[in-house]
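In the two complexes below, chain A is the common chain; its partner is chain B in one and chain C in the other.
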Partner chain A sequence: MKWTLLVILAVLALALSVVLGPAAVPLGELLRSDIVWNLRAPRALLAFLVGGSLGVAGAGLQALVRNPLADPFLLGLSGGAGLGAVIAIALHLSGPWALPIAAFIGALAALGLVYRLGLIGGASLDPRILLLGGVAIGAFAAAITTAIVSLADAAELRNAFLWLWGGLSGASWDSVLLVALYAPIPLVVLLAASRPLDLLALGEEPAQYLGADVERVKRRVYLAASLLTAAAVAVSGVIGFIGLVVPHIARLTWGHRHRSLLPAAFLGGGALLAFADTLARTVVAPRELPVGVVTALIGVPVFAFLLKRWTIA
Partner chain B sequence: MDDRVILALDKVRYRYPGASHDALDGVSLSVGLGQFHAVLGPNGSGKTTLVRIALGALTPLVGRADIDRRPASMWSRQDLAKLVGVVPQREDNLFPQRVRETVLLGRYPHLSLWGRERAEDHDAVDRALGACDVAHLADRWLWTLSGGEYQRVRVARALAQEPKLLVLDEPGMSLDLKHEMGLFELVLGLVREQGLGVLMITHDLNLAARFADSLLLLEGGRPVAAGAPNDVLTQQTVETVFSWPVAMQTVDGRPQMIPLRQPKESRA
Partner chain C sequence: MLRRLSVVVLVLFACHTSARRHENPPAQRIVSLLPSFTELLFAIGAGDRVVGRTQWCDYPPAALSIPSVGDGLPPNIEAVMARRPDLVVLYNAGPNVTAAKQLERAGIQTVLIDLNRLEDLGPAARTLGRLTGREEQAESLAIALDSLAGRPPPPATTSLAFVVWDNPPIIIGHGSYLDQLATQAGARNVFGDIAAPSAQVSLETIVARDPQWIAVLSDSTVPPAFAKRREWRAVRAVRAGHFLLLPGSLFGRPGPRSGNAIQQLRARLAR
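Moving on, here comes the complex of A and B:
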């Protein structure tokens, strides 16, 4: 029943984002419209894939750092990606893929640094240090980013700023195909870690005694979730709160078993981002809001509500 | 009854990296199926280190630690979890869950990567719930349980692993008399009826002496005495290891220790 509802919700969100838009396309001509085929359909699918990836990455990271209020972008990736993108803009690198590739490289660099920090205490990956190291690396990258932005001229600054807040306007069938080929690998790795992630909620030592290879699981989950986030940020900038709020809501309905939680977070995250992007495109049409603004406007109140619920429980 | 040895420690020595002295030195122990072993000692005597060595979480620097005749650290965690069930001293409850879900975690080592829980897994959970007398709590949330019920549920989870060896680390801590005795009776019942080998870490000399077949007394990482309770818990040994005067009595043929008052002026 709840799965049926979720699937209906996801299909509805996708349908809405194809039907609605600043240009009026009559329903009868929907399937023959270039706007729908070349702009709205790839954009809706990309939003869905990115939102789903962020939902799953968030659920996995929350179990890994053992903090239900963790967000994939807490781990410094957004800072690294932002820095990469801003460097690309400052260097006037052009071409449709310059920005995504630069952002992806920036995110990977941050990932590597944070991972190295997580191993600072020895051979065992320490999730608490991952979290702290992520915040530190993110702040460091943001400082450099701000320095570069403050030295750039106005038009470039606006570009960089908008890009950082996230947007799916660069969506094309190419980017959909790329994400559709890339994301399944880390997604399957995370899904395969479902049961060890359940055990990890007991603590590392008890999880080991129930059969989890804790060190391997921690590394895999961190890398897979980070690679998903890095790809998401590369194609759509920093879209906050999906990875935080969606797993949390999914947990309220599906419980904390990752075998069902992760698929639910994927569908829920996809639906939410497709819906948020439709809003971003339509509420101030013909202009467009960065979708990160919309997810934050929806996400922060939900987060505050969840925080209250969490601290009372 | 099969008295096959399931856990064998042989002259184990271990020192934590950077530590100035050994955490364990020259410790040997052999637990067979259908035997109840207790490890005793003051705080810091090496009891927890011994458990970690026995479970392959640490590798001895000298000596051997074998489970089912294979070095404990060589087992994969999953295979080991099918053989050894553990009730750790502490664990977290990050997310709220129900009793049956928790006990089902004990089946995880038996499940294939993509497979679902099978009927036999649910049967094993039911048997474990029944054996620990918590079947009536199956649908309760963990956080609504009393301390005694919670401990029995954790034993049930370890039983659901269908292990040959059960390891319990201070299971009686913070339990009242009824629940502590009930827990020891439960564990002894599992040893006698299901033929499990049991290794229990405890600081409670009297309960260990009443229930266990064999005791190992540690002090500063070294074995002080090992064997039947009557041989291990003598007045002299207990007074030396715990640095406190005691009197000894016998109940049910087992030694029981009564700490004596020690007025301030007579203390050395």
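Moving on, here comes the complex of A and C:
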């Protein structure tokens, strides 16, 4: 029942984002319209894939660091991606894919640094050190970014922040194809770690006793979740709240078993972002809202409502 | 009673001094913190009294030999004061208001001037004329600029969209100087219904409104990088390569050359 509802919700969100838009496309011409084929359909799919990836990455990281505040961007990736993007603009790197590639490299660099910090002095990815390292690297990258923006001449730099704060305007069949080929690998890695992730919730030592190879699971989950997030930030910037709120909503409804939690977070995250993007494109048309604003405006009240029900029960 | 009277006298005296301050002798050392002001000062014959400019002030060529005080956003107060100005001209916006107060506290006369649209040019020229003692030259320039702003636009023969940024797409709306430039050059801004100076829109809105030209402020001679992106190729003007690449120094700012900018834009649209 819960699953049927979720699947219906996901299909509905996808359908709405293809049917609705600021440009008037008559229903009869939907299948023949250039706007629908070249802009709306890839944008809806990209929103779904990115939202789903962020949902799963958030769920994985929350289990890994055993902290309900964990969010895919908490571990320094947004800072790294922003720095990469700003460097690309400041150096006048041209080419249609310069910005996404630079952001991806920036996110990977931050990931590598935080990972390295997480291993310092035999810490073996201690959650506390990962969180602190992530915040520190993120702040460091943000400081360099701000320094470049205030010192460099390029007038376009101001707009780098607009890009960084997320949006699916860059969606095309190229970016959909890219994410569709890339995302399944880390997604499968995370899904395969479902059982050990359940055990990890009991604490590292008990998990070890119960037969989980804790070190390996932590490494895999951390890398897979971060690689998913890095791809998401490269194609759509930093879209907040999905990776924080969706895993919690999924956990409140599906419980703590990752075998059902992760797929639910994928479908839920995808549906939420596709729906939020439809609203972002249509409510103030012909203008458009940044999608991160809409995800927060929808996600937070839903979350508060569930939290209330949960604490009362 | 006596006390009240003395307050009145004090107030009168204060009014008198503040009125006198406006009758300052013409400024001799001016720092201009907006390229448009630098151009206006040169146009009214006060260019030789400009002792500081922003790094963006590149016209007229003589302006380039004046020391730069930085990007001016927000102004670097120390760099400005180091030029020992007796007048600092600032664009009227948030951070500049604070900067102006700081400079006034240091005893330097400042003036905050609105300059967002064509109709602001005449008043700006007159203000600068008054402060530099070049009223006559300023008045004749102001009359020309006023008539430019008041001119009924020619019928639109083509349409365009000004794209400021590509991801997310930010376009120019009715509230901007660039919208006026296009209208005066005989092109309809397809986003003229958006009241704000600029706004984020969906790509599909640009496709649906189908402008004949995509205008971009750019010093380059090759189309912007987004022209090659697949999603942008849904826009007909992008597919057709109908880009107007407008150098920012001439087209990006209202100033004494605005008439020239309109003429050049019209010529390029006719080509």
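Basically, the second predicted complex is superposed on the first by the 290 of 313 C-alpha atoms of A that agree within 3 Å, B and C clash if a C-alpha of one lies under 4 Å from a C-alpha of the other, contacts with A are read in each partner's own complex, and residues count from 1 in each chain.
As a convention for this text, a residue touches a chain if its C-beta (ideal position, glycine included) is under 8 Å from a C-beta of that chain, and two chains touch if they have at least 3 such contacts.
Fair warning: this is a prediction, and the values are worked out from it, not measured in the lab.
**Student:** Following the superposition defined at the top, how do chain B and chain C come out on chain A, clash or fit?
**Tutor:** Result for chain B and chain C: fit.
**Student:** Contacts for A:Gly95 in the overlay, against chain B (first) and chain C (second): which applies, first, second, both or neither?
**Tutor:** It touches chain C, and chain B stays clear.
**Student:** Would you check which partner chain A:Ala285 touches, where first means chain B only, second means chain C only, and both and neither mean what they say?
**Tutor:** After superposition on chain A, A:Ala285 lies in contact with chain C alone.
**Student:** Going by the contact rule set out at the top, does A:Asp198 touch chain B (first), chain C (second), both, or neither?
**Tutor:** first
**Student:** Chain B or chain C: which reaches more residues on chain A?
**Tutor:** After superposition, C is the partner touching more of chain A.
**Student:** If we overlay the two complexes on their shared chain A, which of chain B and chain C does A:Pro68 touch? Say first, second, both or neither.
**Tutor:** first
**Student:** For A:Leu16, is the partner it touches chain B (first), chain C (second), both, or none of the two (neither)?
**Tutor:** neither
**Student:** Tell me which partner A:Trp173 touches in the superposition: chain B (first), chain C (second), both or neither.
**Tutor:** After superposition on chain A, A:Trp173 lies in contact with chain C alone.
**Student:** Pick one for A:Leu119: touches chain B only (first), chain C only (second), both, or neither.
**Tutor:** After superposing on A, A:Leu119 lies clear of both chain B and chain C.
**Student:** Once superposed, minimum distance in angstrom between C-alpha atoms of chain B and those of chain C?
**Tutor:** Least C-alpha distance: 39 Å.
**Student:** Both chain B and chain C contact which residues of chain A?
**Tutor:** The answer is that chain A has no such residue.
**Student:** Can you list the residues on chain A that touch chain B in the complex?
**Tutor:** 66, 68, 192, 195, 198-199, 201-203, 205-206, 208-214, 251, 255-257, 313
**Student:** Mind listing the chain B positions that touch chain A in their complex?
**Tutor:** 55, 57, 76-78, 80-82, 84-86, 88, 90-97, 101, 105-106, 108-109, 111, 113-114, 157, 161
**Student:** Can you list the chain A residues touching chain C in their complex?
**Tutor:** Counting only chain A, the residues touching chain C are 21-24, 34-35, 38-40, 42, 94-96, 98-99, 153, 155-156, 159, 162-163, 167, 169-174, 281, 285-290.
**Student:** Report the residues of chain C in contact with chain A in the complex, numbered from low to high.
**Tutor:** 55, 164-170, 191, 193-194, 196, 199-205, 207-209, 225-226, 228-231, 233-234, 248
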